[in-house]
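Below is one structure, written out as structure tokens; comments come after it.
Lettered A, B, C and D in written order, each chain numbered from 1.
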Amino acid sequence: MDSTYKNILIKAYKNINSFKDEGQLATYIPELANVDPSMFGVHMTKIDGSNFGAGDYLEKFSIQSIAKVLTLTLAYKIIGEDLWKRIDVEPSGTKFDSLLLLETYKGIPRNPFVNSGAIVICDILISLLDNAKEEFLDFIRDISDLPDLTYSDKIADSEKKTGYKNVALCNFLKSFGNIKNEPDDVLDFYFDICSLEMTCQQLSQTFTFLANKGVKISDGKKVISKNKTKRINALMLTCGFYDESGEFAFRVGLPGKSGVGGGIVALYPDNYSIAVWSPQLNKHGNSYKGMELLENVTTHSELSIF
Amino acid sequence: MDSTYKNILIKAYKNINSFKDEGQLATYIPELANVDPSMFGVHMTKIDGSNFGAGDYLEKFSIQSIAKVLTLTLAYKIIGEDLWKRIDVEPSGTKFDSLLLLETYKGIPRNPFVNSGAIVICDILISLLDNAKEEFLDFIRDISDLPDLTYSDKIADSEKKTGYKNVALCNFLKSFGNIKNEPDDVLDFYFDICSLEMTCQQLSQTFTFLANKGVKISDGKKVISKNKTKRINALMLTCGFYDESGEFAFRVGLPGKSGVGGGIVALYPDNYSIAVWSPQLNKHGNSYKGMELLENVTTHSELSIF
Amino acid sequence: MDSTYKNILIKAYKNINSFKDEGQLATYIPELANVDPSMFGVHMTKIDGSNFGAGDYLEKFSIQSIAKVLTLTLAYKIIGEDLWKRIDVEPSGTKFDSLLLLETYKGIPRNPFVNSGAIVICDILISLLDNAKEEFLDFIRDISDLPDLTYSDKIADSEKKTGYKNVALCNFLKSFGNIKNEPDDVLDFYFDICSLEMTCQQLSQTFTFLANKGVKISDGKKVISKNKTKRINALMLTCGFYDESGEFAFRVGLPGKSGVGGGIVALYPDNYSIAVWSPQLNKHGNSYKGMELLENVTTHSELSIF
Amino acid sequence: MDSTYKNILIKAYKNINSFKDEGQLATYIPELANVDPSMFGVHMTKIDGSNFGAGDYLEKFSIQSIAKVLTLTLAYKIIGEDLWKRIDVEPSGTKFDSLLLLETYKGIPRNPFVNSGAIVICDILISLLDNAKEEFLDFIRDISDLPDLTYSDKIADSEKKTGYKNVALCNFLKSFGNIKNEPDDVLDFYFDICSLEMTCQQLSQTFTFLANKGVKISDGKKVISKNKTKRINALMLTCGFYDESGEFAFRVGLPGKSGVGGGIVALYPDNYSIAVWSPQLNKHGNSYKGMELLENVTTHSELSIF
């Protein structure tokens, strides 16, 4: 990778690494509380294939909600714009697991990245595919060239035991008729996709197609159309960070998606994909150091979409 | 202007002009209901100064909420990041004049583009300036090179007589201590800035600095810093279209701002500013044909920020 | 029973029976939609034991939410004022199955008669009793002198298959820590108590203790203290009819409780208990003819608590 | 007055007087903060005319929202059931000055005792009467036999200067078309009626007609019909204490109305009217000692409507 980017990354990493971490480990999924809170890594993949990492970028972590971009991609690829009959595309202005707006909007989730929206996407995939769990794994292994990606039973089980709010959301959606399969089956799949584990390197590599007009950089295969890529990116920008989406757009200025495992992936279209991981979260549930680092990178590179 | 853009604009204009207009005239400001509903114009200014218009792009119209970007620019320029102590930067997920979230967030408007946020900006300008009305006019005349820009007393008076909801918002904000001046004075200024009239040509010309890293294209003078420009653009993308902001980002993919007069301005950073006007609004209060045209332009030019 | 009351009842029954029924059968529990919509009965039991019925007062129907008063009575009797640490005593102002206020009040139901409150009561009883289902049956059989009262498997199963919103409520409560047992067990008990079947005669007989300072009229045994009786009655008055509680107090002026099976029970303290049944519901989920009849009775008897 | 009641009152007064007052002076109306916080008085008037007071029952205080019962009485007396086209009769479940539910219910206040409802009543009286201020004074002087009752300019002016939330409410109602007169005129009248001053003795005397089927006890003149009296009492029970109405019904069990001046009036139909005053309020805005005393009285007298 060219040295300008490398230097920006190294400098940003060092800078933020020296910060006092003001975040806290996620506690509502017990297994996530066992992570080493000092972990901090970042990795960037440019669409020319060059790439570079710093810190703990080869450590696996639970990508959690970041997986929602991948389930969305697969569902959108298959059924196209009909998807939006069951999910809206607006920022929610509320917490990721809020039930409030579901009541107001009669069971139509505000967007595919709040939990309710992602649960509806899981329901759609179960209806569309013979074996959603397997076929979704095949899909992400294919787009990432990483044949070993897989679910973490430990994480999934941990969330299955305590994810009462998601059980509530799924059954609430079902009561509005916006879940077609059995709630238990849908939740099972949902907890699985959230349990995916990747390193920063794998994560930035997996997401390059969204920085490359929907095309895989390794073999030029189209994952999803140019127009749909634009729309997924727009959704990440407006809705990727729950009730802190505006703040992320404001400070970082890139489409991105966070997970409560402390990971964030962000994209600079036609340029690069970047993944950062630091497990301590700010009060909105987004990685404290992750956001600081990305702001630092876009400020110093003067490269944002705005 | 180079012929590619021209052709895209002409084609898009013709195409949308033939559509049945599914929107309706704004009725809640009586004076706006007197506008000819068939008006439809568009104008683009590139940052190299070349520009082109189609249809009724030389007709003046009431820019309404689009002016909120300009008051924000002036206030942000003067007091900087302190601004965000009194206004947040998150999409509201609700109607432009909703009082709901104000109660939840104890008088802190969700962003500077919902009515409550724009009213707080007016209050800030009144505190900062000797004569806010005059000095704001001077500011926009200067950045646009249009010395004749002015308020419309007819429109302002019409709204002053019927704008009870804004009176409610301003007094509600005052009850939380987030208005420092007399509500009547703040509202007077607010109704004035919303009454500004421009043509599509003037509007696209005025907003070029936001497509040009904060710098006026005519004389290279800095209106506002590069970093603040990025942030204003990010705010337009996430919050510029009220509870349809996600939809606009999704379909058009550019930062923009609409007004209930039927105008929309949008920006492609480092490229152009575009203004469109058609007074019939969709149910979210945004110009029906305006949104269609901008979607058509970004789809065919394949130029969006995503 | 003395002839004044009899005459008032007969007259009210005839009068309302001739009305066009503006209500509709409950449809969200499939089994309830199979009821004969023309059923209409009323029965009054005075605390001196005299009693009188008109119409279909010997037909069994599903008492549904009316049972919530009885589970409340049992739980309150056992643990006393500690109950109110987990449930509030305020009218909700919203639909009976709303999740909205649960989010606002962090998992504390507004009162014991909204579904969430009744579910928490079920959870409390499961914790308190060895076999909640059996012991609750024993309790109501005892206070009513009706040893044959029992759950309807058909109704309970019908609701278990479709009661997604209640599943959502229970899991949502669990996520706030306000359910101590397994959600499935709690719901199982909840659906059972809602499936109880009684005739108007049995219902008015069962509730006489609440019109008699907590004392059974047949044998003078204390069911619950005088002070707790007063409080249960106050709760019925302020919260017994969901978002129509004010309307019922306003028009009828007696403490009461309705169920979506079309039953209503009401009390005139120190005087009588009255039960009415007509399965077609108004838009708030309360029996249309039932409310009309009770208003007619209290207006002509000039006996209300106000 | 017979000695039983006297003894109960004296005992309750002494008992509560020895309590540590856990309330706080209202601060949002500056003038109310100047009251001596140790004031504590109570006065009961039986419908046979006998009466008795304890403590500071001859001190005048600002009755504030208690006046809303009297404006309701006058408006209801004049236009009857048409009143309910513009105001509902349901508990709000929210703070007395909340704007939330107004948005949900499109400008129809939940009941006549939340601020928005009382403001609509003021608007109705202005439309109905030639000089609402004078005629309302005449009305209350007449029903109370107290020709000197009058508004306090000092209190009214204090609230006019700081009552921004009420200005917001009134203009918000106007935006929904539920205010017919000029907001400024309506608010002027509203602030005046809230500024009324009475002693506990005068207050209990004034309200006796509501404990006496709508008839003045001094001369047998009908103030309002028996049926309307019942309904006003029902409204006081379900809505008289804002979001603590359920709690008051639960603990005290009488229809009543509180004001932020620290006064409470309550009624035992066909028996007595009781007024209590202690200016320190609990967190719901109701007199701390006032509620304690009334609970004590109804518990020991075993006289409540339930």
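Following the convention adopted for this analysis, contacts are C-beta pairs under 8 Å (C-beta built on N, C-alpha and C of every residue); 3 or more make two chains touch, one makes a residue touch a chain.
These are the chains along with the protein names UniProt gives them: A, B, C, D = Glutaminase.
For clarity, every value in this text was computed on a predicted model and none was experimentally measured.
Novice: With chain centres defined as mean CA positions, report which chain is farthest from subunit B.
Specialist: Taking each chain's C-alpha mean as its centre, the farthest from subunit B is C.
Novice: With chain centres defined as C-alpha means, what is the inter-centre distance between subunit B and subunit D in Å?
Specialist: Going by mean C-alpha positions, subunit B sits 47 Å from subunit D.
Novice: Could you work out how far the Cα centre of subunit B sits from that of subunit C, in whole Å?
Specialist: Using C-alpha averages as centres, the distance is 55 Å.
Novice: What whole-Å value do you get for the distance between subunit C and subunit D if each is reduced to the mean of its CA atoms?
Specialist: Using C-alpha averages as centres, the distance is 32 Å.
Novice: Can you tell me which residues of subunit D touch two or more of the remaining chains?
Specialist: In subunit D, nothing touches at least two other chains.
Novice: Would you identify the shape of the chain contact graph, picking one of line, ring, star, complete or other?
Specialist: Drawn as a graph, the chains make one closed cycle, so a ring.
Novice: Under the stated contact criterion, what part of subunit C meets subunit D in this complex?
Specialist: 88-94, 101, 110-111, 226-227, 229-231, 233-235, 237-239, 243-247, 249-251, 253, 255, 269, 299, 302, 304-306
Novice: Where on subunit D is subunit B touching in the complex?
Specialist: Per the stated touch rule, the residues are 98-100, 103, 164-165, 167-172, 174-175, 183.
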